[in-house]
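A, B, C, D, E, F, G and H label the chains in the order they appear, each numbered from 1.
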Amino acid sequence: MDEIEVRNLLEGIRKGSIDINSGVERLKMLPFDDINYAKIDFHRSLRNGFPEVIYCENKSAGQICEIAERMSLKGVNVLATRISRDKFGELKKQIVNAEYFSDSRVAVIKNREIIKTECKVCVVSAGTADIPVAEEAVITAEFFGNSVERVYDVGVAGIHRLFANIEKIRSCDVVIVVAGMEGALASVVGGLVESPVIAVPTSVGYGASFGGVSALLTMLNSCASGVTVVNIDNGFGAGYMAATITRAIARKRER
Amino acid sequence: MDEIEVRNLLEGIRKGSIDINSGVERLKMLPFDDINYAKIDFHRSLRNGFPEVIYCENKSAGQICEIAERMSLKGVNVLATRISRDKFGELKKQIVNAEYFSDSRVAVIKNREIIKTECKVCVVSAGTADIPVAEEAVITAEFFGNSVERVYDVGVAGIHRLFANIEKIRSCDVVIVVAGMEGALASVVGGLVESPVIAVPTSVGYGASFGGVSALLTMLNSCASGVTVVNIDNGFGAGYMAATITRAIARKRER
Amino acid sequence: MDEIEVRNLLEGIRKGSIDINSGVERLKMLPFDDINYAKIDFHRSLRNGFPEVIYCENKSAGQICEIAERMSLKGVNVLATRISRDKFGELKKQIVNAEYFSDSRVAVIKNREIIKTECKVCVVSAGTADIPVAEEAVITAEFFGNSVERVYDVGVAGIHRLFANIEKIRSCDVVIVVAGMEGALASVVGGLVESPVIAVPTSVGYGASFGGVSALLTMLNSCASGVTVVNIDNGFGAGYMAATITRAIARKRER
Amino acid sequence: MDEIEVRNLLEGIRKGSIDINSGVERLKMLPFDDINYAKIDFHRSLRNGFPEVIYCENKSAGQICEIAERMSLKGVNVLATRISRDKFGELKKQIVNAEYFSDSRVAVIKNREIIKTECKVCVVSAGTADIPVAEEAVITAEFFGNSVERVYDVGVAGIHRLFANIEKIRSCDVVIVVAGMEGALASVVGGLVESPVIAVPTSVGYGASFGGVSALLTMLNSCASGVTVVNIDNGFGAGYMAATITRAIARKRER
Amino acid sequence: MDEIEVRNLLEGIRKGSIDINSGVERLKMLPFDDINYAKIDFHRSLRNGFPEVIYCENKSAGQICEIAERMSLKGVNVLATRISRDKFGELKKQIVNAEYFSDSRVAVIKNREIIKTECKVCVVSAGTADIPVAEEAVITAEFFGNSVERVYDVGVAGIHRLFANIEKIRSCDVVIVVAGMEGALASVVGGLVESPVIAVPTSVGYGASFGGVSALLTMLNSCASGVTVVNIDNGFGAGYMAATITRAIARKRER
Amino acid sequence: MDEIEVRNLLEGIRKGSIDINSGVERLKMLPFDDINYAKIDFHRSLRNGFPEVIYCENKSAGQICEIAERMSLKGVNVLATRISRDKFGELKKQIVNAEYFSDSRVAVIKNREIIKTECKVCVVSAGTADIPVAEEAVITAEFFGNSVERVYDVGVAGIHRLFANIEKIRSCDVVIVVAGMEGALASVVGGLVESPVIAVPTSVGYGASFGGVSALLTMLNSCASGVTVVNIDNGFGAGYMAATITRAIARKRER
Amino acid sequence: MDEIEVRNLLEGIRKGSIDINSGVERLKMLPFDDINYAKIDFHRSLRNGFPEVIYCENKSAGQICEIAERMSLKGVNVLATRISRDKFGELKKQIVNAEYFSDSRVAVIKNREIIKTECKVCVVSAGTADIPVAEEAVITAEFFGNSVERVYDVGVAGIHRLFANIEKIRSCDVVIVVAGMEGALASVVGGLVESPVIAVPTSVGYGASFGGVSALLTMLNSCASGVTVVNIDNGFGAGYMAATITRAIARKRER
Amino acid sequence: MDEIEVRNLLEGIRKGSIDINSGVERLKMLPFDDINYAKIDFHRSLRNGFPEVIYCENKSAGQICEIAERMSLKGVNVLATRISRDKFGELKKQIVNAEYFSDSRVAVIKNREIIKTECKVCVVSAGTADIPVAEEAVITAEFFGNSVERVYDVGVAGIHRLFANIEKIRSCDVVIVVAGMEGALASVVGGLVESPVIAVPTSVGYGASFGGVSALLTMLNSCASGVTVVNIDNGFGAGYMAATITRAIARKRER
């Protein structure tokens, strides 16, 4: 039941073509009866033109294409994460303006101008092997209207590289730190900047890194304050959180 | 080596009293030579009057008192976390304006007016047993100048209580969700609000809750975007992260 | 917003005292506006006279007494789990008809006749050390109107004791199996009965029993079908699940 | 030793052709001597026509075919779980009325009319990736004579979708909740329905989901009562447990 | 149903006072009807005079005394493990010939001569802190009629001590190795002797010894063949297994 | 330094061609100087004709062939475990009397008559999927001269199958129980037999079986006495331990 | 900012072409402004001709080639670890003097004479399957100028092989022990030598070896003093640590 | 068999009072026959005057005193670790020159001058709560003759404090890094110094620090080379390893 139907119902009431008892009955069930209407009430992402996201890992090319087309028809921008090159090939056949970022396995469909937030996000990574996850964060943050600074390969084994870039990092509104192995970079950055720091453990490493668990624990136990953590390899989650923060900044400025 | 020494060095060069070779040598070692100078460059908390925090778990009453007095002498506000009632008793003898919050075992020493951020933080908790951790987050967020809304005891077993308060939660700039046992509340809230959500797993629970590990994993795997996680029972960390975000908002508005 | 308000709104529309636009607006926010209305829709436990449960582990004697009194005023029966003898002493002072079951640390306040389900629940335990958890399940199942058969100390190390009681177990509508150490009893019982089996791992054991994890894993991996599992030491949860099943049986018979 | 042999033995005793001492000896060893007889006493599945199940994961196509044929000869219905398309191809060659459900990798051989239970089971899933496990539960529950309602893709990140279907869920006798990632859906559903809830964690997720462990722990620690748990990805187990419960309902009604 | 009843039944059949049909019916249910009869068939410990064991950890002094008296009345020897000094005090009041071994917290009640096996068991321990567990194994092995050699404090950090005793160890029929910390001693002994080796990990250690898990894993992964493992700190289990092996030796010699 | 060299040294001493001081020096270092001599003192497997074992998992076909040939030249029997069909193909080309057991991936080279122990080992398995591990135990036990009884597919979900075979199991000198999933079979068997029981957890299972960890913990925590455990899937280890026990029996009889 | 720029700055000050205020400003930011200069201050590996290392696991052949060429241009020696044969093929095309060690998957590019340390490192391994990791340690230690003794296949199951080589091991300045399965070799060696022992757990093993965790825990809990541990399979790390120690020896001798 | 007996044997050979065959036999068994002789060959700590260590955790005051006295009689220095104040009180009564270091719960008995190594060890700690473990390392390193520099409270949250002390750290021959929580300090120091780094994880932290496991994993996965790890809280182990390294330096210089 969308707004038009509610309006029709109320007009039927006014005109007397619908009696009050059956109006009450229909309204009682309202938020449960109709998925489209319900979405308007409950869900945050239904404002006009707000971007949408498809997580592609367990979806077939067919499913992805269908969802992407339905979204594109609404005229919103679409971000597709963890999409393989093969599945993107299928998508590209249907939606010609789809773009692929192979490092991060992300696809973007721009159906309208991205509204800029005037905020800067810095994505810092420890090693070159962390770059795919870092790039997923970058594309996500940009997709939601942020400028992004990349500071890559500045792990703590050669900490001078970090210091050489510290002012660039400090100048950003939100900092994302992507690190595998022992994940110590998040603590060091957290001790050097004033902005909120989002730490992303990666599954890079071997032996007792346990697929990212070591870096995850390091980051959760960070002795530096102002550091929070997302799931292992979840570059998208970090980029989205950064976008949530810059949106909070933007909202406040508008008021 | 502070600014005056650098200036003296350069003036010595100009006047010819210091030759260029030994000037180069002294400058090479510069960032390691002097703690005061180093602090100015590296450390974020040395601007006048910025609040300071003491983590009291492994410190004696004597150590806490000494640190708190030294900080108070600088005229800054002091937050002491995880301080037992006994240790606070000792502190109170020395610093009469110290206040104790027994729910969260936090002490606050206000040596100057707290500067308000004009931002609101909402602290949501699942059960009554999570309140000590929630209150640590509340006091921390308030200490850094934020208004705080408390929405307690709204766990997912009785989800109508959450919905009854959803507009209050949505009206805040940052949301902190504190939950033990299975920690599902963070995902539900994350799906209902637009603001950044900081999830705090608590060690409340029994059996296979493993001292908070179950809630921690739930939160890290949250299917809702815009959720990040801090360490188990780390209410302070969540409150501090919220303050970091509202500070980012404030900084941006000033520009 | 309750039914009367909806009716008033529609009548206002009909009479023209409310215009259609503001009617649409008010209806959009409807499910979030009013806690009482929401409760009616969402919450299952608000039918008159249905029993209520208090989990006492992290609540003070004062909190428990207050909740118990408020519930008693509604005339419902009250079950208080994990209540220490000391806290029960406080409760008894206020509510004279409170009864204590010391084995299981459960208290019961009977404010009305318990409605019988005409179903039988069998609680089977492996060793004597598992009895506190088993008794929590027994009291819970009885509290919700079921007859309970106890078959204790029939662990698989002396499996003849189990067989000597198998017909008694088979005659029940639901079977709860409580076992620590290696927890193998649940699989054996699951292979011998047709009724649903609810397995409760207990923290009884030492060394590599890891506080109940060994028994929990055994039960989750049970090669017998028709076995489900609740949390370690969660006798209440098993008793409640049994009651949920017998209630489903009762509901169906009434139709 | 089957019934005929026991009868012969007793007739021998009566006729005097067997003396009492050797009769006692033979009877002492009775339940161990003969697998066929033993089965009658111990095993639940030997009533005529009751369905049988084959777990195919570690069996060869040849083994599966042989077991299925032997069962079919008895005229019972056969459910084969975790059977690959290839192995099903072999089976189909031998048993023409075998049906394949590719989503759930389940095969069904209907050798007689399925007896309906007049009960409804609802299978609720969080995401599209959980559907294979959910379908295994669906086919299993239907195979044992239940009607099944599917409510898919209603995870807590968009909780309005769940509420839009809540009455359908509430109308069922047993509810199965299938969820991966953080598994929070089970707690939310458990708080909204009166029926028994069987939770199935799935291995869907990444990073710290640890192949379903995160969802498993969430479900075990569920703050909602009336929730029990089966093994990770064990859709069959949940469907079978649901059938066990509806059979308990049916048995009770017959009396 | 004991032997007499079976005999009466058969005599009733012979005399015609019981008809064959009802005889068949009664015999069908036979192994489940009567605990005493069942015990004869199923349970191994009912031969006259065989020793019995009480695990005291979760039993009250009263329960222990009652069980011990009932056993003593049968004239069998009794071993009580994990019995505290306090509980033993109570036991001693009732049963004067009870003996206490404080190192291992074991009590022994000798009601008849222990029958010797003519076998030797060697108990080897790594450090002095492992001695309580080692002594539990010693007392258990002796209680079941074995001679025991003790070789203590021969951990691999000073491996010459082990070699100095190797012939004594090699001369025994079964070897028990008790070790905490890294538990390497079991592998070394396993590589040096021909007899079966039973390894007992102990919870001695700190840090990453994780309460015996490190030693347990070491022993399970032993590169030496002929090594099996019991639970952490389970000296009794090792002693009992040794006794089971020497009993097998004794049985074979008798034939 | 082999025996001849020692003899030469002593003869040199006698003849005076070597002085006593340098004799003492050379003898001090003796057990470390020469691998062949050392082996005679330390190693148990060098008596003539005793069988040898090759673990093939991380060895190339070439390495396996070389070792097998060297052993065969000594005229001893050879057991090769975890050898793939391909590697066996290579081995067969070189050593024509090599036999392959494909179920257990074991090869045997009989270079002399196997000496019988006159002992019986029973290998009991829970499910058909456990058979490869069970067969590894069977072949190993037979290789060391034991008769083996197989009792397969007697898991606790249908416990009557176990009882139908219990006398066969009880008649053996050592019992090996092989079980995956929840591993409960070991406890049940342990409670029914007098012989030593060696439990082998297998990696059969899914979800929370964690590759055999669940079965391993079940077996370690077995409430039945007289049960010890080997590593996951280590059928060879169990067979070897059984052989160690029967060898102990045989040695004792010879005396 | 490199040394030349600093020199130019100071000369500008002296000549008056740069005023003192802007000189102070530029120097303040100095260690962060320029990666080359920073490296001189912070980083240990920039002394002329010191060898460099490339970890190749997550790098493309193209990236490896580029880095290797850049390093070779500086005339330093290059060690590339975890480089596959394919990637090495690409490297060899570009850099003809590159050498490949296929056992350890290490490549070495010698651009100058390796300076000898006059120290000896002993690499001891438990089994043949540990050799790849052992060889990585060997090549690394040699690359940094050490002589290396190999003592392979001396695991504790046949401890005489270790003793036969003990004097060779004792004669070295640093000992590396490489072992999988239960990892007990490190403790035994640690108890026999005076030199520092670096233990490397390997992922060799099966079942409860958990990919090297069992060996890792054994080594961390070693009862022998003077043993430290590196990550699972980290032969390079052990070789590098050994080189660090021998470099410390060399430095001290030079003074 | 000590040297004298060997000498006597050889003289017997020479004189002909012992024939060669029986000489060969006696020599074959030599390393196992006599503990004193064996000790000389195998054990490293029996040279005169070398210090000895007592680990006191699981020893009674009486045991500690007896061992300490026996050692003191040999005139060697004694180090007693993990000794409580109470136990030290007992020790002090017997051995007046015993000294107690309460921070680290270590006692030292100096019976002769400590021989200086001319090496410096630096002990770096992250927080004040890590000091007890750090001090255990300090006292141990000093006890074995090293000079020690303390650099405490330089955790990565305020990394400027580390840099202010970096030259002091770099000037030492071995560096020990002690850190709890996330343990990142070891990686940072490892990237800044050339000396060998020994990392000690501590159990300081809360929530997901899991009693030191988080710091342990961080250190094992350190991206900096030249870092090795000892057990959690094992300050003694780190100090001893440092002493082993400086002893290796000293030995080399002597040659």
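To be clear about the criterion, a residue touches a chain if its C-beta (ideal position, glycine included) is under 8 Å from a C-beta of that chain, and two chains touch if they have at least 3 such contacts.
Quantities reported herein were computed from a predicted structural model and do not represent experimental measurements.
Visitor: Going by the touch criterion stated earlier, list every chain that contacts chain D and also contacts chain H.
Guide: Correct list: A, B, E, F.
Visitor: In terms of residue-numbered contact pairs, which of A-D, F-H or B-G coincides with A-G for over half of them?
Guide: It is A-D that repeats the A-G interface.
Visitor: Using each chain's Cα centroid, which is most distant from the centroid of chain D?
Guide: The chain farthest from chain D, judged by C-alpha centres, is H.
Visitor: Can you check whether chain A and chain D touch via the same residue numbers (shared by over half) or via different ones?
Guide: different
Visitor: Quick one: report the Å distance separating chain F from chain G, using the average Cα coordinate of each chain.
Guide: A distance of 39 Å separates the two centres.
Visitor: Taking each chain's centre as the mean of its CA atoms, how far is chain G from chain H in angstrom?
Guide: 25
Visitor: Mind pulling the chain F residues that touch 2 or more other chains?
Guide: 31, 41-42, 127, 158-159, 191-192, 207-209, 213, 216, 220-221, 225, 231-232
Visitor: Could you list each pair of chains that touch, in label order?
Guide: Going through each pair of chains, those in contact are A-B, A-C, A-D, A-G, A-H, B-C, B-D, B-G, B-H, C-D, C-E, C-F, D-E, D-F, E-F, E-G, E-H, F-G, F-H, G-H.
Visitor: Going by the contact rule at the top, pick out the chain C residues touching chain D in the complex.
Guide: Checking each residue of chain C against chain D gives 42, 44, 53, 119, 173-174, 191-198, 216, 220-221, 225-232, 236-238, 240-241, 244-245, 247-249, 251-253.
Visitor: Can you name the residues of chain B that touch chain G in the complex?
Guide: Touch residues, chain B against chain G: 3, 6-7, 10-11, 13-14, 16, 20, 23-24, 27-32, 41.
Visitor: Considering only the defined contacts, which chain C positions touch chain B in the complex?
Guide: Residues 31-32, 34-35, 38-39, 41-43, 57-59, 63, 201, 203, 212-213, 216, 231-234 of chain C touch chain B in their complex.
Visitor: In their complex, what parts of chain A are in touch with chain H?
Guide: Those residues of chain A that touch chain H are 126-127, 155-159, 181-184, 187-188, 190-192, 205, 207-210, 213-215, 217-225.
Visitor: Of all residues in chain E, which touch chain H in the complex?
Guide: The contact residues of chain E facing chain H are 127-129, 158-161, 163-164, 166-167, 204, 206-209.
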